[in-house]
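What follows is chain A paired twice: with chain B in the first complex and chain C in the second.
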Partner chain A sequence: MSAAIWMEVLKAKGRKIWLVVAIMMAVQLLWAGWAISNKDANDLAQGWLFFLYQFPMLNCIIMPVIAAVVASRLSDVEHKGQTFKLLETIIPTKRIFAAKFIWGSIYMLGAALGQLAIMIGMGVVLHFGGPVPWGALVGYLLFTLMVSLTIYVFQQGISMLVANQMVPMTLGLIGGFIGLFSMFFPQGFQKLVLWSYYGVLMQVGMNWDPITRATDFYWKAIDWPGLGLILVFFGLIYGVGQILFVRREV
Partner chain B sequence: MNNIIETEGLSKQYGNVYRVKDVDLSVPEGAIYGFLGPNGAGKSTTLKMILGLTKPTAGAITVFGKRVNSKNRLENLKHVGSLIESPSYYGHLTGAENLRIFQTLRGVPKQNIVDVLKIVRLENQQHKKVSQYSLGMKQRLGLASALLGYPKLLILDEPTNGLDPAGISEMRELIQSLPQKFGMTVVVSSHLLSEVDQLATRVGIIREGELVYQDSLTKLHQYSKQHLAVRTLNNEVTKAFLSQNGVTWEAEDDYLIIPQMRDTRMAEISKALGQNNIGLVRIEERKKSLEDIFLELTGTAVSL
Partner chain C sequence: MLIRALQAEMIKMRHSPMWLAFLLIPIIPAFMGTFNYLNNLSMLENKWYSLWTQHTLFACYFFLPVLIGIYASYLFRLEHANHNWNTVLTAPVPITQLFMAKLIMGWLMVILTQIWMGLLFIFSGLLAGLSDPIPPELPLWLLFGALGGMVVCALQLSLSLVIRSFAVPVGIALMGGIAGLALLSQGYGLYFPYALITLGMRANDPAAPMAVGEIAFLVACAIFTSGFCLFAITWLKRRDVVTG
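Take a look at the complex of A and B:
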């Protein structure tokens, strides 16, 4: 197994996949800077809550794009060079799928850690109110990773099954937009859509007073059923993706 | 002699059409088995089934004396090198890096990379990106990947496809040297009769999914041995006369084709024909070409 993963690392050489992650992180950093720049001292007191509310929202579109690009970049070399028919005579087909998943996960982890660094960095520099909420930040990392890996394995399944990478890229973008707008849909619907789980697993809620036009953030309990469901989603998508990949004939 | 590959009733259905039907292949140890057939005859499909890349609709496959199933497939394939349809490669990596990937996954010594690069004569191009390789170089890299583990069995599907004449003869010499040098058994498919003729020791000919010939190349050549063609003033009477005297014949245009025979026997026959007032006007020697046989077997004109 470890050999298969190292070979994924070698194959990713010169494919500039980290550059994609870095660009998306730069977008996130710029956006965070812009969002925080028109806040007054009062708002900054709620800075951590504000970030932990806004970042998951932004993730609905940022992370699916990263997942789609990474999965596609890792898979297209196999389609282009018609390598599956050779690889499958050397190592188990399941292992090809697993090795790619594990290496792809590293990019998703990188992106999630990058976001964490942006939040903590800005929070410390701009003196957000109160101590650093480590518990909530670790929760954020875990939930973001959980949802992102589920979306990633969905993208990888399609990227490895379909040679034309426009198909997974388009599906990834459509998913991201549905996730973004699912905030405006009822809870029940949100839980059916993979891409809306960044919102489902948010640890912060927001009250908006239409008269004073003031926003107030508050801590929210973790949506345990939602967390259970995303785990089920992950297992199902990984399982189905792997079965389809193993069954397909080259 | 042991058979390295044996298939029994191997069949593959796509939709409701059998693209490979009841194929009983037998590849003896140490052979260069030429798997010949026109495009679309089912060569690649058969070879993919042997490698477990495609699931047979019916039939059994035995490799190295072991019946292949999904459990022992990869264990068996440790001793098999393959190149199916077109070489597999990562264009953004160098030739050496490509081989490094397959060598690591196979778990064979690193030294093998150096060795196979030498065998296929790519040492000087090994640090070039494969996307900049010519088709012939890619093909040789594909062969190098197949050779990495010094397999007992090498399966090469149309390895000379798209090569120029120099490349073809180079690839042929390379393949020809493998059985003696490394004790490999080689299966090489082709749609070119001339190629199989120059390369193989045993031939299997596939037509529309069915194996229509399988034997040594020498046997195939015997089919193309010489015949005699005779023309008389009355071929109908001649036919009856020949049959009476135990000579097989075949009508072809104005001629009757009969087997090659000793001069004395032919003299007897011509004398007897004269006595029966049948005017013998022509006796010619004819040679059925290998191309004609291929045409008869496959119903397709030879592409040269």
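Take a look at the complex of A and C:
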């Protein structure tokens, strides 16, 4: 397996995939800076809650795009060079799928850690109220990673099965947009949409007063059944994706 | 020659799955916008004009830049595959016309998208029970939106020419759309190509005149488009192609 992963590392060399992740993080940083720039001292007292509410919302659109781009970059190289037939003569097909998943996951982990660094960095610099909520931030990292890896494995499956990368890219974007929009719907509906789990696993809620237009953030209980469901989705998508990839004719 | 290059582009587009993105992506902001409008009727009192703000709110920042990014990536997809750049660049067609054929093809798709968005807007309004006449400014909003979209199309074609990947330029388009939202709110929309769609479609206040003035908008569109075309044509003329 380590040889298969090392091959992925070599193939990704010079393809500037980290640059894509960095650009996405830069946009997220800009967004966070812009969102927090018009906050006064009272609002900053709830800065950690504000970020833990805003970032998952933005993730609905940012992380699926990172997943789609990374999966597409890692699979496109094989389609362009028609190298799947070569690879499958020397490595078990399941292992190719697993190696690509593991290497792709590193990028998703990098993006999630980047977000955490943005949050902690801005929180410390801008003196958000209270101590750093390490428990909630670790929870955020784990939940973001879990949802992102599930979306990534979905994207990888389609990107490896369909040579035309327009199809996975379009499906990924449509999924991301539906995920963002599903936040307006009840949780029952949200749990049916893979891309909306960033919202399902949010640890912060928001009260908005339509008269005063004031917002107030509060901690909310973690949706453990939701976490269980996304784990089930992950297992299912990985299994189905792998089976379809193994069975396809090269 | 340009006509023949354009015909070649049309042949390349035949049977492509582009219709999937063209038809489906604009439906999402239309649905989201109408849903938002119906849920906030107490605050959104300007009927068709309010519905327009809700439709364009999501479309201009997220969906249109992405959709145009997909169009542009698709237009260069075949050239980047196999060794097709060698074939394309040894054909007796001037490079300027090669690029212009792709640009015109992209522009056609942008115009068709605007028409589709206009139809979706009218259809959504009727479904939402709006009985007032359709705003007479609608064709103008769509036209100026198309002009902004054409600038983004020229930019995305330049990106898709340089970046030999389908997905990366589309990702950049989405980031550009989100950055456009922030820059527009700071008053720098005219200087950022991705924000021109929002400005052109009067997404923030359709009842008011354009925030930056029509002339300034048209000048910005012309400068950006010429700049991106010049860059792409120079790139194709000066750089050796990478194939495979």
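The criterion applied here is as follows: the second predicted complex is superposed on the first by the 250 of 250 C-alpha atoms of A that agree within 3 Å, B and C clash if a C-alpha of one lies under 4 Å from a C-alpha of the other, contacts with A are read in each partner's own complex, and residues count from 1 in each chain.
Just so we're on the same page, a contact is a pair of C-beta atoms (placed from the backbone, for glycine too) under 8 Å apart; a residue touches a chain by one contact, two chains touch by 3 or more.
Computed from a predicted model, the values in this text were never measured in an experiment.
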Q: Mind working out whether A:218 is in touch with chain B, chain C, both or neither, as first, second, both or neither?
A: neither
Q. Is A:80 contacted by the first partner chain B, the second partner chain C, both or neither?
A. both
Q) In the superposed arrangement, does A:178 touch chain B (first), chain C (second), both or neither? A) second
Q) Between chain B (first) and chain C (second), which does A:166 come into contact with in this model arrangement: first, second, both, or neither? A) second
Q.
Touch test for A:189: chain B only (first), chain C only (second), both, or neither?
A. neither
Q | Which superposed partner A:72 touches (first chain B, second chain C, both, neither) | A | second
Q) Just chain B (first), just chain C (second), both, or neither: which does A:6 touch? A) first
Q. Given the touch rule stated above, what does A:249 touch, chain B (first), chain C (second), both, or neither?
A. first
Q: Take the contacts of chain A with chain B and those with chain C, and give the residues found in both.
A: 80-81
Q: Flag every residue of chain B that touches chain A in the complex, lowest number first.
A: 48, 51-55, 74, 77, 80, 82, 84-93, 97, 100-102, 104-107, 130, 145
Q: Would you pull the chain C residues touching chain A in the complex into a rising list?
A: 16-18, 20-21, 24-25, 28-29, 31-32, 35-36, 39, 58, 62-63, 66, 70, 73-74, 77, 81-82, 165-168, 170-172, 174-175, 178-179, 182, 185, 244
Q) Which part of chain A faces chain B closely enough to touch in the complex? A) 3-4, 6-7, 10-11, 13-15, 77, 80-92, 249-250
Q) Of all residues in chain A, which touch chain C in the complex? A) 16, 20, 23-24, 27, 30-31, 34, 61, 65-66, 68-69, 72-73, 76, 80-81, 164-167, 169-170, 173-174, 177-178, 181, 184
